Amino acid sequence: MNKVIKNAEEAVRDIEDGMTLMLGGFGLCGIPENCITALVKKGTKNLTCISNNAGVDDFGIGLMLQGKQVKKMISSYVGENAEFERQLLSGELEVELIPQGTLATRCMAAGYGMPAIFTPAGVGTEVAEGKEVRNFNGKDYLMEMAFEADFAIVKAWKGDTMGNLIYKSTARNFNPVMAMGGKITIAEVEELVPAGELDPDQIHTPGIYVHRIFQGSNYEKRIEQRTVTPKS
Amino acid sequence: MLDKNGIAKRIAKEVQDGMYVNLGIGIPTLVANYIPDGISVVLQSENGLLGMGPFPIDGQEDADLINAGKQTITTLPGSSTFDSALSFGMIRAGKVDLTILGAMEVSENGDIANWKIPGKMVKGMGGAMDLVASAQNIIVAMQQVNKHGESKLLKACSLPLTGVNCVKKIVTELGVYEVKDGAFHLLERAPGVSVEEIKKATLGKLVIAGDISEMIL
Amino acid sequence: MLDKNGIAKRIAKEVQDGMYVNLGIGIPTLVANYIPDGISVVLQSENGLLGMGPFPIDGQEDADLINAGKQTITTLPGSSTFDSALSFGMIRAGKVDLTILGAMEVSENGDIANWKIPGKMVKGMGGAMDLVASAQNIIVAMQQVNKHGESKLLKACSLPLTGVNCVKKIVTELGVYEVKDGAFHLLERAPGVSVEEIKKATLGKLVIAGDISEMIL
Amino acid sequence: MNKVIKNAEEAVRDIEDGMTLMLGGFGLCGIPENCITALVKKGTKNLTCISNNAGVDDFGIGLMLQGKQVKKMISSYVGENAEFERQLLSGELEVELIPQGTLATRCMAAGYGMPAIFTPAGVGTEVAEGKEVRNFNGKDYLMEMAFEADFAIVKAWKGDTMGNLIYKSTARNFNPVMAMGGKITIAEVEELVPAGELDPDQIHTPGIYVHRIFQGSNYEKRIEQRTVTPKS
């Protein structure tokens, strides 16, 4: 069983116009840079993108927005992006805003084979509109549906030829839950090793959830808010 | 009257030893600077970290290590990382003892609005709706009066809600309030602020029981 | 007629390269011994392991490394461990391609009974109900006839059910059956077994279309 | 923040008659041996135990059964235990059998603040009796409630003074989901290290879920089914 493919172009080869994608990352941290570049090059259109954020103007999903490839964004926070704002106000782009925990849990639900989950987030707000409210032990919860995605595209730190993944620090974020949520899951990793080199107890995403894996290159890993303590 | 750092300093006195705390963006972030010596807390960042430390020393920043405000940070000994679902799982399960966040408006029954202004570009609620719906103990750090001189402690919020019936305490430039039984209960005045000034700056129901002392920072 | 190893050997031919497979206790466990060379599969053990290997060499057993049958085992390169919730999560999400398990009874519409005999001590369903309710592809390995000579391929199960409408294929000592459209469709006869013998050993609706060839092992 | 206590006796000191406990482990693998011994010594009665199995006659939860401390077992499989069978048939012991995945997911639900989950396991069987059945996308699911436990007692391989836990191999099993499910969670570990010694990315159970931790001793780690390949 070898899930290794050559590169990002091969990974995204059969992503078609109109499909729904999950894209890992929080802000610009832990995003699948290589696959985004390949998708931009491929020019696939009318995509629905489930991703916590929408990148910045010239990086991350922002690049796909520049190419007018995105029909709809499903996110929890979409600031920091002027082109996004322009397309939204002009009606070119549709956006569905979802509480961050609800977004993560709806992805996870897919990977756990749970069709729906209950969360109190959004009760009594416009997020609750049209949704079933249910009371358990005196507290109201919304029923939220699991997400379906044609492809999930995630970025990990290390991976092996069987698709097992290990993430680094807070670059983990949405990647593991999205890796579980795709009908087909693509993982790009900084370092790809042979099966058997990773400690089985340290795997964050078991390979059963991953269909294609490749070692990415030229990671920029741009920092969105560089905050530092001056050297004393 | 308190400035932003004053508000943060006052809120820091609410933090107890051993607490797990989530700090929102803005004034809440400043609270970390004022936690008293001898009080040990663990900061949760909802992008997937327990044990957040200060900003890294210049040159040591790591693009893979950021907080929920997307700032480069560090970790402290005993920290742990996890995915976004578990992060909000522990929030939802009430394991985070205290949430401190900003607000545009709070109503007398504890509703909060802090994510959307009709007619303006909406950036999204991020994790705020999850936090306010789940946390056991929510303290709001905010300016009580907007730049037009209008109160933001209201009978009912005018802006779209983030959560209902959830705010427990508010610290503003003018005072400290407990929110219960459908009213803002004044607990303390900010230095140099009179009860009259507070009354003028509060549109929702205000309860003032007995003498209200000035806060000690 | 097939013995236990024969049944396992026949089922092994259903296993395709690249599959993730869950093997139940009993005959299904034996299937691992007959997977053809060149076919690479990953065995899942529902107590929390992907990549189960053979029993350890005597003296190298590890109490912390067991399978769902509580037997000491080993891991193969590329294995991963996880908790019970994620283990059944991947099962429920349909990521395990093939589940092979034993049964006491199967009905013509694919119901299965394999966990409880009224009047006898009930040990529990373990993971069987989760597996049969979730797996895309379920093959049952069983004896077609009990020790009293009674068929266990029935119109309707007489024992308490483990799952409904879920069994896709059955391999017994007498033959191979596909379960669809409310009937057992005979696909192959075991070596030396006649269609007449199979008819006598099947109480549920049996469909025999054309010549049924003897299986090649 | 130091969650370290001295030993198992101190860990279970306030577990009272009639309480509900979650106990980690699968068979005899990864069970909290020290705490079970302390509970037997303490003699707490009328306990409801949520645990995948009930041990064997002279080890694990079997020891608590010998002491007639258990009122009710909530498990997925309870074979291999003659005293269990005797108490059950005599009516001294109540047992609720639950599909293994449902058991695990109901514990997890508690730790994720989800009041209920949906699973197809048990649809159309006696497990479904009295439960709400709901159809999503053409498939029926049972709604199953999150578990509540006064105490969760788990066993990990390594832990630190802040309660972070790492499990070893398949001794992980139910331990992480139960660790998240207790109002108070007790962890016994084979090796307790100072905060900072464990890699943050390798923590299986973040310390926020753990209230008490101690380094256990004299682990027997009994093997239930010793299966080996002869030395060639």
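Letters A, B, C and D mark the chains in the order given here, with residues in each chain numbered from 1 onward.
We adopt the following convention: contacts are C-beta pairs under 8 Å (C-beta built on N, C-alpha and C of every residue); 3 or more make two chains touch, one makes a residue touch a chain.
Computed from a prediction, not measured in an experiment: that's the story for all the values here.
S.K.: Of the other chains, whose C-alpha centre is the longest way from the centre of chain A?
M.R.: Farthest by centroid: C.
S.K.: Rounded to a whole Å, what is the gap between the Cα centroids of chain B and chain C?
M.R.: 56
S.K.: Using mean CA coordinates as chain centres, what's the gap between chain A and chain D in Å?
M.R.: About 33 Å, centre to centre.
S.K.: Distance between chain B and chain D based on Cα centroids, please, to the nearest Å.
M.R.: Here chain B and chain D have centroids separated by 36 Å.
S.K.: If I count partner chains per residue in chain B, which residues reach a count of at least 2?
M.R.: Residue numbers touching two or more other chains: 49, 75, 81-82, 85, 89, 91-92, 134.
S.K.: Which residues belonging to chain D are in contact with no fewer than two other chains?
M.R.: In chain D, the residues touching two or more other chains are 105, 112-114, 119-120, 167-169, 172, 200-201.
S.K.: Considering only which chains touch which, how would you classify the arrangement: line, ring, star, complete or other?
M.R.: other
S.K.: Check the chains against each other and report every pair that touches.
M.R.: Taking the chains two at a time, the touching pairs are A-B, A-C, A-D, B-D, C-D.
S.K.: Which bits of chain C are touching chain D when the two form their complex?
M.R.: 45-49, 54-73, 75, 81-85, 87-89, 91-92, 111, 121-130, 133-134, 160-165
S.K.: For chain A, which residues count as touching chain B in their complex?
M.R.: Listed in rising order, the residues are 26-30, 52, 75-79, 85, 88-89, 97, 99-105, 107-108, 119-127, 157, 167-177, 204, 221-231.
S.K.: Report the residues of chain A in contact with chain D in the complex, numbered from low to high.
M.R.: 105, 112-120, 136-137, 139, 141, 145, 166-169, 172, 200-202
S.K.: Taking the complex as given, what residues does chain D use to touch chain B?
M.R.: 1, 110-114, 160-162, 164, 180, 194-196, 200-201, 203, 206-209
S.K.: So in the complex, which bits of chain C are touching chain A?
M.R.: 17-18, 20, 40-42, 44, 49-51, 75, 77-82, 85-86, 89-96, 134
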